[in-house]
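Below you'll find the structures, each written out as structure tokens.
Below, subunit A partners subunit B and then partners subunit C, in two separate complexes.
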Partner chain A sequence: MNLKRVAAIASKEWREILRDRLFFSLAFVVPALLMVLFGYGLSLDVENIPFAVVDQDRSAASRDYAYRFIDSRYFSFRGYAANQRDAERALAAGDVRVVLVIPPRFGQRLAQGREAGIQTLVDGTFPSRAMTTKGYVTAINAAFSLASVTQAVSRVTGMPPDDVAAQLTPIALETRYLYNQSVTSIWSLAPKLIMVILMLSPPFLTALGVVREKENGSIFNIYASNVSRGEFLAGKLLPYVAISSVNILVLWLLATLLYGVPFKGSLLFFLPATLVYVLCTTGIGLLVSVLVRTQVAAMIVTMVATMIPAVLYSGLIIPIVSLGPGARQVAELMPAMYYTDIVVGCFLKGVGLQSLWRPLLVLSLYACLLFAVGYALFSKRPKT
Partner chain B sequence: MNDEIVIRATDFGKRYARHAAVCGLDLAVRKGELYGLIGPDGAGKSSLMKAVAGVLAFEEGRLEVFGLPVGSEREAERVKGRLGLMPQGLGQNLYGDLSIEENVDFFARLRQVPAAEAAARKERLLAITRLAAFRARPMKQLSGGMKQKLGLVCTLIHAPDLIILDEPTTGVDPVSRRDFWAILAELIADQGLTALVSTAYMDEASRFTRMSLLHEGRVLAEGAPQDILALAPGVLVQCRVEPQLEAISRLAADFPQCEAMGPDIRLFAAGLDEAGARAAVAQRLAGLPCQRLDVMEPELEDVFVAMLSRQGAAAATAQPVSAAVANAEGLAIEARGLSKCFGEFIAVGDVSFQVRQGEIFGLLGANGAGKTTAIKMLTGILPPTRGEGRVAGADMKQAGALIKSRIGYMSQAFSLYLDLTVAENIRLYAGIYGLDRRRRDSRLGWILDMAGLHGHENDLASSLPMGLRQRLALGCALVHEPRVLFLDEPTSGVDPLGRRAFWDILFRLSRVDGVAMLVTTHYMSEAEHCDHLALMFAGKVVADASPEAMKQEVIAEAGQLYRLQADNAAALVRPLQEHGFANVSPYGAALHVLTREPERLRKTLAGMGVPADLRERPIAMEDVFVHRVSQLEAASRKGQP
Partner chain C sequence: MSDFLLWWRLALRRFAVMLVKELKQLGRDRVLLAFIVYAFTADIFLAASGVSLSLNHAAMLVQDMDRTPQSRELAARFAEPHFQQGGVVTRDAQGLAALDRGEAMIVLSVPPDFGKHLQKGEPVAVAMQVDTTNSVLGFLATSYAQEIVARFGLESAMRRLGLAGGAAAELPQAANEVRVWYNPNQEDSWFMGISEMLNIATVFAVLLPAAAMVREKERGTVEQLIVSPLTPFGILFPKVVSMTGVILCGVALSLFLVLMPVFAIPAKGSLALFFALSGLYVFTTAGLGLFAATIARNLAQAGMLSILILAPMLFLSGAWTPPEAMPAWLRGLMFVSPLHYYLDIAFGILLKGQGVTELLPAIMGMTAIGVGVFAFGLLLFRRQFD
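The block that comes next holds the complex of A and B.
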């Protein structure tokens, strides 16, 4: 490998990138933009669920029941509906996603110690949100039931309500969320977005950069000279890896400063590990670029090859453990999942090489494999 | 000349999937030669050149460069340090965002030329190519000719022994083309370089010391220009006879290579000498008044066409179009002060011309001269910035839709749907122009007759050879029987036989059906087919007359064209220019000199000790264009001191 030739190619490439304003801004602006757009747009928290109440009882008990929801931060009260038909119309229009129907004589039945049913209508078009909503409703309902029973027992036995409550729930569940105490989804999302963006941006830049030379014919300068394949690829990819390295820092800053995600790990482990991941995804771009001829094809192939694994098989939305066995095998073949372990570990768990050497090793091997295949398929004397 | 062989191909063959691009090709290029590969698109030129440069794998035969085989990537690497490749396409291998100097520096670093040597060579090459003044300008802002010169500098920066230039002059204006050839000849003479150069322009064939004519992957003829001329002995006859139509149909019976050139008829009398040709033509034309009859030496293109016809590659001869001569009165196209500006850039500036009904009007110029923009304005596709135009009796500004129903337009890309069959394409265009069923069927038949497409009705357009595809596109443009036809570079990429057949159809359309035609082309040799010409340069019309009148004007201003046969002709260019012969251009082993002082030229040559083998030659359209543009450039230089 002749370093002078590598430097000649790298500096030529760098100059071209600098002068192509569009390409240059795409290289730096798009990753940051994605981080901002996804970060604000892709909230998985289920909060402020709009709901309405159809109160057919209009008693103190029914108001008390409704206030349990109105006061909750998970629900956002949109008013009382006159009747069930109005409520259903609001559901259909998407104005509310939950409707509580409190039947007539709700308070009376409760006072008599009889069972009282509450009908809950939940918008089921988005199943995971509907399930979470149902969980909230169940929890609030249980708390209300418990309070009612406590009151009744206290009234009958004359015991203080706190003692009754302790008797009624002999086992108190104490949950402490580790790594993300307040279970804020952006804490988990922002690090994973770094994973997604570094999966998309480096291959795009690389594939477009190499294919651009193929498409306009300047690749023949390389073919026709004594530059070796390794020298060309090293010089060609160096500027793109450098750009992505800058983007690593930018994304890290956005995650910690803009979204306030705590970074508990060590940058000394995180940055080199991320660089390995960038090399790995750059390798995907290289592989795409040796297989296609036009920039349009490069964009489409890169998009399919990176977007789907980054979004579906990475643990971004669906945890890997929740995937079916087939999908999990697919995920295990893709690099995204391993980097998710690293980035989440570094940000939230504060773990380093000791716990994360395995995914790092897999990524390193992956990167080596991609470069080896790209190198082998790149020919200075192609058949067409 | 040295006998050392630099490139040797033996039974060379290259296939792409099932299609054979080249097969059974033999070739030997000697050291110091300017060797030409001539042929239309798809003849196999690029495949051969890329294989020689070691950048394309091939399957059949053997290829040696500098005596070393280049059958594998490893073998090819051994010769790459000694050769330079300039691939096809204007500035395609250069980097648009880098300046001239940065481009050259990159190639020097890539080729590991020592810094001092690279700097010295860069200065020398930039000086020879006259690019030094523009060294900081980004490549993408250069003209086509400058891009090609920069490509040449980059290819030569590591002082290769062999350079391979793939169609370096395609799409470049004639002045820059001539300049390019002069620089190339000078460098070859200076440095003992060997060059393998391809071209699609037949009229450039005489620039080479030796050449191969390729057609469909095979060599049709090989050798020096005079060897090739000897392959098809005969003379060229140009005459003016009225009525032209009848004369041409009589002559075509005896002379298959017979074509209309504006008001003249030009034919190749194979195997005849001057007296024989005069007699044969006179006998055929008996009874028709002959205003003029000249006998000339044939050009290489005539020989190529003769060779191609002999190969049985005869183009399907088109049927004569309807017999009744249509009314051909009045103006068909009129442009008055037509201008188009894109921001600061003036694409077309103050262009005026007139085209009569039944006339073939040629708009000539290089890529970027403004031809396509002018056509787009006249067809109502693009609104002009200033000026006005009338087409087929309608003002194009007010009657865009009306104009479109009266004109036909055939674009550079042929605008066919390649996944549709021939008949489907024609029916589609009939539908677009709103023809009813009966008229559609009759036009379908007419187009198949006209284009010689019978038997191809159900072939996909993509499977047709270029020549047929081009005639199908013409048919589609004619489906609604327009009175005015616009043809934008209709012959790009078509082989000479196909081009001739195409021009034959255009001639009949104009003479018989009275269709007015505006044709753009960058093939200067095709310009002679036109009745009237406008030369465009940098958005302006720089000359507007018949081809004959244009030539006469140049002869009156600059004198006759002489061909000077001499050893090491390229080395004489500089001394002759220093003696005041401005218009000197190297052609292979000869020079072309345009001068009014042949006697002084003889004396100067005698003074230099060169045997003066001077012969007068007919002036070509290219000479006219070069003369006019050089004049303009000189005038604009004087205008701004």
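The block that comes next holds the complex of A and C.
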């Protein structure tokens, strides 16, 4: 490999990128803007769930029950519905996601020391949201029931209610949240956003860069020149890797400064590891560009091959353990999953090479494999 | 009058000629065509079959320093489907190491003399360490654990106090029966499958027409079109119509070959309405792509611009994250995204069985965006070549 030729190709490519002002600025603006948009918008907290109450009992107990929901920050009260029909209509229209139906004689049954039923309707269109909502409903219901039982027991035994409450809850659960003590979403989200964004933009830049020459026909200059395949690919990819390296720093700064995510690991490990990841995603772009002939196809193949797996199969929204066998295999084939371990480990857990050498090794092999396949498939003697 | 008829005949013929040209151009890109078929079938199948968003089989370790029947019973209550017992640890460091390596999500430690305290009715604390790297799951795990521990505590207290022998039916408590509508079994495959289909349709609806337009610009063939008797509308319209047709075929493919037969998605509403509105959606979204195409000079620029349009549209549509949790300025942005309305429409028709009357606000919103974007795009396109 002649380094001078590599440098020549790289400087030609760099100049071409630099002269396309809009493209050059978009190469930096897009990752940063996505980081800001997603950081604020992709909140996974389920809060302010709009709900309505159908109170057919209108007793002190039923009002007390409804107030426990109204006071909760997880629910946002949208008013009492006159009857169940109205409430169901609001649920269908998506105006409310939860409807509490308190049947007649709710308060009476409780006062008699009997169990009283309540019905909750939850909009199940988005299953994970419905799950979380169910969790909240169960917790509030349990608190109400405990208070009600406490009252009854204190009436029977004559003990003061506070003592009864202490007796009835003998076990306290002390929970320690590891790696993210405050359970704020943004801390777990921002590092993974770095992963997603570095999965989106480098392959796109690369694939378009190579296919453009193919479609324009300027690649024939390369075919006819004495530049070897390896020199061409190395020189071609160098500027894109350089742009992405700058983006790594920008994204890291946004995560730590804008979102205040603590960085517990070492930059000396994080930056080279991220570079290996960028080489992987650049390699995907290279592979796509070798396989397709038109830029349209390059754009769409890269989009579907990177963006959707980066979201679904990387642990961003859905943890890897919850994936089924088919999706699990896809996840293991993509570099994103391995890099997620590295980026989360570096930011939140503060672990380094000792615990993360395995994903790093996988990523390195992955990058080598992609480049080898890209090199093998790229030919200076095209068939057509 | 005959002039008018002639004009219409010509316009129709031009439209037909352009339509055939677009379809041929698309049909000859074999790789692209194969990929469209892949995306609408295999990719949607994978997403629908492979993903479950709920807390399942969270790996858990128990550090039991008490070893009494009570401590064992408490630990045993952390059961499937939410939790999965992963074994026993004896030392703190062992549990922490397992959490560090990601082998366990939860470590429950029961202190010595737990059973003794419980029998005497003295308060006792149980410690739980949760890996909240994924905060939603961390929350769910904690809330399930809290429920299990509270119930266990209440039952043992009632037994000890000799009240009602722990039989829950006799207690004055509220029994909340939670019913989940529209997806009673909370099948993640329904949600994942439909939303993946909408996402794929969106990707193609933005990229295909934008790419088709910019390609003409880059190669210079647009000059030929400009000097032909075609109006700007006559150039843009067949492009969008042909791509809309292709995408609707893709949607039909995924609905009839994947989603309905394999995952038993009910399709409660009218399918004709669904396809009509899908057509409207693709048309509207294509307008956004064309908008990018008028700004961009080459495909690389168009590609970056469409990421800028697509990524926020897909991520912030309300499918992944509840709109209630977004800050107000972003929610405002969401209302100008056609996908937000299409999501309501698609889930409304397919799962809730809604009709035009219930969906009217969403349809109006989408139409308004479509008309606005197209008018603006056409204006920009016209200006470009004056």
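A few comments on the model shown:
By our rule, the second predicted complex is superposed on the first by the 382 of 384 C-alpha atoms of A that agree within 3 Å, B and C clash if a C-alpha of one lies under 4 Å from a C-alpha of the other, contacts with A are read in each partner's own complex, and residues count from 1 in each chain.
Keep in mind that, in the parts below, a residue touches a chain if its C-beta (ideal position, glycine included) is under 8 Å from a C-beta of that chain, and two chains touch if they have at least 3 such contacts.
A quick note: this is a predicted structure, and the numbers were derived from the prediction, not measured.
In the superposed model, A:K4 lies in contact with subunit B only, and not with subunit C.
Once chain A of one complex is fitted onto chain A of the other, the partner contacts of A:Q56 are absent, as it touches neither subunit B nor subunit C. Within the superposed three-chain model, A:Q108 lies out of touch with both subunit B and subunit C [touch as defined at top]. When the shared chain is aligned, subunit B comes close enough to touch A:K380, but subunit C does not. Counting residues of subunit A touched by each partner, subunit B versus subunit C, the larger count belongs to C.
With both structures placed on the common chain, the touch criterion links A:S225 to subunit B but leaves subunit C unconnected. Once the two complexes are laid over each other on the shared chain, residue contacts for A:K12 go to subunit B alone; subunit C is not touched. When the shared chain is aligned, subunit B and subunit C each come close enough to touch A:D20. By the touch criterion defined above, A:V153 lies against subunit C but remains apart from subunit B after alignment on the C-alpha atoms of chain A.
Contacts of subunit A with subunit B, set against its contacts with subunit C after fitting on chain A, overlap at residues 20, 216. Residue ranges on subunit A touching subunit B, taken from their complex, read 2, 4-5, 7-9, 12, 15-16, 19-20, 216-218, 220-227, 379-384.
Taken together, the subunit B residues at the contact with subunit A in this complex read 16, 50, 53-57, 72-73, 76-77, 80-81, 83-85, 87-89, 92-95, 97-98, 102, 106-107, 109-112, 138, 154.
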